[in-house]
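Below you'll find a set of structures to go through.
You will see subunit A twice below: alongside subunit B first, and alongside subunit C after that.
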Partner chain A sequence: MFMPRKQTPEGSSLTRTQLGAVGAGLLIAGLALLVVGWSAPLVLFAKAVLVLAGVVTTSQGLSRVVWAVRGRRPDILVWLCSAWLVLLITVALLAPLLPLGEHVDVASALTAPTYQTPELLSEHPLGTNNYGLDLLARSVYGARTSLVISLLAVAIGTVVGGSIGVVAGYFRAGVDSVVGIFTNALLAVPPLILLIALGTVLDPKIRNIALALALITIPSMIRLARANTIAFAQREFVLAARAMGATRLRVMVRELTPNVMLPVFSMMIVMISVLIVAEASLSFLGLGIQAPEPTWGNMISEGEGGTMQDFPHVVLVPGTFLFLTVFSFNLLGEKAQKRWDARSAKI
Partner chain B sequence: MRTALIRIGELIAVLMIVSFGVFMLVSLLPGDPAVSILGDGRSPEEYAAKRAELGLDDNVIVRYLDWFGGALRGDLGASLIPPQNDVVDRILGALPVSVQLAAMGLLMALLMAIPLAMWSASRPGGLVDRIIGASMFAVLSVPSFLAGLLLIAVFANGLGWFPRAQWVRITEDPLGSLYHSFLPALTIALMELATFTRVLRNDLIGTLNEDYILAAKAKGMPPWRILVVDALRPSSFSLITLLGISMGRLVGSTVIVEYLFALPGMGGVVVNAANQGDYPLVQGSVLVIAAIYVLVNAGIDLSYGYLDPRTRRVHA
Partner chain C sequence: MTSDYLLEVDDVRTEFATSRGLVRAVDGVSLTLRPGETLGIVGESGSGKSVLGRTIMGLITNGPSTTVSGTVRLAGQDVHAISASQRRKLWGPKVAMVFQDPMTSLNPVKKVGVHITEALRLHLGVGKAEARERAVDLLKKVGIPEPARRMNQYPHELSGGMRQRVVIAMALSCDPELLIADEPTTALDVTVQKQILDLLASLSTTLNMATILISHDLGAVEGRTDRVQVMYAGRVVETARTQTVFNAPSHPYAEALLASIPRLNDPPHTILRAIDGTPPDMANPPSGCRFAPRCVYAADNCRTDPPVLADLGTALEPHRVACHYPLPAPGVTPPDLDPAGLVKEKN
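Here is the complex of A and B:
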């Protein structure tokens, strides 16, 4: 087929320059909206709408610029989500080294203003809470706690649940039905209720909460690993390995586990977002990490009662961190599932 | 019939394990219940007497069987924190509130999800579909306590459309009860709404590609009639599966919402009991919630056979 030299980017009716111009225009308009939305002296609701419109317009513009330059439409949301997570993880890792305000020591924040509203270029860019503790610092340290707990829990849950699942799926029969009943028993208690019950007993420390959260990941990991193992165990390469004299252990470790790993990996990403929400809920209910040690959940609970009415930023700052993080993990997890786990992509 | 019997057997086994787990879990509680009842500064003899009275000196298995036997007869002991009410009474008082909230949330989610999904599916990939899809995905990432706080801030405190922190029993004033529980139920509904819409939309798109829809179109049926009359019913099957899956989250968000709105439901009871270390109340509530949850899920499983004859013989 004849292709003109000056081809239009894939899937677009405009030429490259036109598309680039539209993109740049949208980008500038979006940034302008963001600046106006953030700094204009308006009602909070109007500001929120403007900022939201700014974010959407900016990302659409960015997407079109990249589209024009590279000739293919990028999945801008995936890039933005990855960028947010990379940024969050880096900042959380480096938190003690960064020039952040005071995040936990109430005594040293005595001189700081309380309930200061966010002012980007001031000493407290995202404002302060009732003790004058810096909300940006608290959100960053909250991210540390949240990420450490959920990553630890997912790791434990995946290793334990995954190996039990592979064993149950490979041996079937007796092992399978015993594992099945225990999985059902664990699934029989709604996750949050199980966490609350555990929260009654356990000392609210990072290790204990991670273990409790691991307990709620285990049953779904068992189910996923088991179902995939059953499917793979009937394939020819397993038969070939058995025929060549591989032991059962070897079949499970070398043949089945690598194949089961991909769907389990995509489940892990989704699970992280579930666990972040679970940890935040637990802290919100007062059963997780205790204030003044910051977590997103207990920071949000500071806004209960009338506080949110007078000082919305006390809730909105940690709430935004929580939302963006959960959203990013959800989105990336969903993409991963679509790619590696055809069965569960539907829900 | 045989499969039904096996299911019932499994159900009993699961409930036994859950009750044992709940009992053991809370028995591992650090600290002495006698101290938390009597308070500090009594003589060791008094504590010992209280422990004996509570039956804490017996073997764990004996205590479990005692407790479980009591549970079967409808006796879950008394709460530790004064006033030391009967646990069963507390639960029976709180349960209707939770059930009403959860049911209202579910109903509201369905009422919103069905039209949204039909609108989305009528032109997959179109602007409406993308906007609905994106906003549902965003809603899915807002934890219910955050959504609740925002709704309170906007609708109760900001606009003043709804009251907060009041509960009117539906038996006393049905309309008032619906009005007062609107915001909490909406909070519960949001989470479910997002999943329902997404799943129903995908199913509807699948159904709309079937031949009989083409036939209906060829006969000249208007698009709304095809969506509502021909496509909706065959697509609604997976909604029922989803109902079962989302039940755990529904319970969770009901608990959080009741705590947040200070409603006298199971959520408030169980969270406060957990914060105060009132273990008989936690044990009893968790057991009751788990039992209801398991039974509802079993009911959903059994209902497949009636709804879709194709699934009847799969397990045979």
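Here is the complex of A and C:
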């Protein structure tokens, strides 16, 4: 299957070996840039530029190597995003077992240096904050909180919103108009204002924040599920199922829901990234999980009051984690949407 | 309660309230069907055949904009008087339907096997393994090669003809006493059409299952049904043994339909005889005979008095026609018509 039939891989003017060599060269150069940039005792700005250049070069090299091996240009961005998410989720799951620095207990970080800049081979590869707490450990534990909250919220929102949407789309008439008023009412309130209002009333616990965020996802899930249900309910297979004696519940659960699941699933992925940002905004404002318990939002807020000017890495590190994660979820969600869009699917 | 008829339809009217006024899609249709008997319902698009089929099933019932009057007795039960849950018990074991378009009458996310086993398990309460076994048998019965492998395929992996076979297998799953095939071949190409029609005809003989074959194509019905009922604008215009209608149609519409079938033994460059005009607007039908505006024999009273179904045949072989001037039996040349235009010989 992978036997080369022609020397030049698809879409490339170089031969397979040339392309592989260029790729390998770029890969090595990129990795070198990355390591040097990260460990060299330079100003943070220079380090960041070097690391960024290293990441870009590495991914270009990787792309060319895969291209040369498989003969087809890979969508390297999708692979990098997936890799980042897999890495992040694994690390977040295994956080208590990993040899990370102190993330929350200020007392045990008394001897650690404060505001240390990131250095690859030091004890704190991503530096420390004002209490000497390790930023890598805090970012990883922050990922735990962020992911748990947003996944929980999306799950609740999808189950509740999705089922309401399917019911509204299948029955139409009265149910639909009541649900429509409810959705429009929820959509009329700006989400952040609603979150802040809820945040001032509710205890800042993971469960409560997840519930508040779920409330934001519900209306858009209802709309999506409803629209897709209406489209599928007109297909003849629904009538055929009814003509074989299926109850209305059965039609909704067994016939419509599996069809509606595909677009809802891609929406879920996009929604996760929206909720990660929403959660970070809440913690940034001090309404989410309270410091010293780390979240990306409250870590970024540590840069307030001039700290960011003196020690930009305090903001840069959690900001990068947030950016990469949101970017990855967004990109994968969009790819999923394109792949499973009911309008383009030939079924 | 005990009658020798499986299906008795008496003066059924199905009316839809639309924005343009009341549409009488089915306007006083009666018919009877004995167990194992086959009936063809033929008519142009919009003549009410499909609505009649769905009304017989009980898929169309009284609703906010729909009125159904008259009685449909199926296996001794009045379909429109019983509760929805009782009606669902009829669907499957008593009556089943094959729909027009096999592209949309199968659920794209359900495997072929699931489509069939679901009904078996729901109505007959058989276990998973037995249902699977029976489903494989059914697929074999409807002429699908490699039935065990097809069970695990999705509808999009099958061709149109194969899909329609699956739909038929689905309808047959609970051994229905009556099968309603609503234009089962319109969405298929001509060679596959014949296969599917022959399959339906042979299944209804071997399983001794009463069948209603709804079609706009007289050729589809010929030789495959015992009796035929010609519908025009929601009313029955002629009903008789299939051979009688084909050899000696008495209603001008039936004659015109027959004449409009192109024949292989027509000389080259024969102009295809079409029926002039269009079917009437069902919200505002003509007051007299509904076919009068398009009828070549129409007289003045045709345009004012609606004809009733009168019996021309014998008690043993009823032949009922709704026409003031039924065409004479063969041998007598009707006026104003080229004898060569009448197609009486069978090919």
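Miscellaneous remarks
Quick note on the criterion: the second predicted complex is superposed on the first by the 321 of 347 C-alpha atoms of A that agree within 3 Å, B and C clash if a C-alpha of one lies under 4 Å from a C-alpha of the other, contacts with A are read in each partner's own complex, and residues count from 1 in each chain.
One rule holds in what follows: contacts are C-beta pairs under 8 Å (C-beta built on N, C-alpha and C of every residue); 3 or more make two chains touch, one makes a residue touch a chain.
Worth saying up front: this structure is predicted, and the values here are computed from it rather than measured.
Under the clash rule set out above, the superposition-derived model of subunit A with subunit B and subunit C shows the two partners fitting side by side.
The three-chain arrangement built by superposing both structures on chain A places subunit B and subunit C 90° apart around the Cα centre of subunit A, to the nearest 10.
Look at A:W340: by the touch rule set out above, it reaches neither subunit B nor subunit C. Once chain A of one complex is fitted onto chain A of the other, the partner contacts of A:V277 are limited to subunit B, with no touch recorded for subunit C. In the superposition on chain A, contact is made by A:T247 with subunit C only, not with subunit B. In the superposed pair of complexes, A:L285 makes contact with subunit B only, with no contact to subunit C. When the shared chain is aligned, subunit B comes close enough to touch A:P190, but subunit C does not. Of the two partner chains placed by superposition, A:Y115 touches none, neither subunit B nor subunit C. Looking at the superposed arrangement, the partner reaching more residues of subunit A, out of subunit B and subunit C, is B.
Taking every C-alpha atom of subunit B against every C-alpha atom of subunit C, the smallest gap after superposition is 12 Å.
With the contact threshold set out at the top, residues 346-347 of subunit A are in contact with subunit B in one structure and with subunit C in the other. Remark: subunit B residues 10, 13-15, 17-18, 21-22, 25-26, 28-30, 137-138, 140-146, 149-150, 152-154, 157-158, 195, 198-199, 202, 242, 245, 247-249, 251-252, 255-256, 259-260, 270-271, 273-275, 277, 279, 282, 286, 289-290, 293-294 touch subunit A in the complex. Contacts from subunit A toward subunit C in the complex involve residues 235-237, 239-247, 250, 254-255, 258-259, 261-262, 345-347. Residues 45, 181-182, 184-185, 187-194, 196-201, 203, 273, 277, 280-281, 284-287, 297, 300-301, 303-304, 306, 308-309, 312, 315, 319, 322-323, 326-327, 330-331, 346-347 of subunit A are the ones touching subunit B in the complex.
Taken together, the subunit C residues at the contact with subunit A in this complex read 57, 59, 85, 88-92, 96-97, 99-101, 104-110, 118-119, 122-123, 155-156, 167, 170-171, 173-174.
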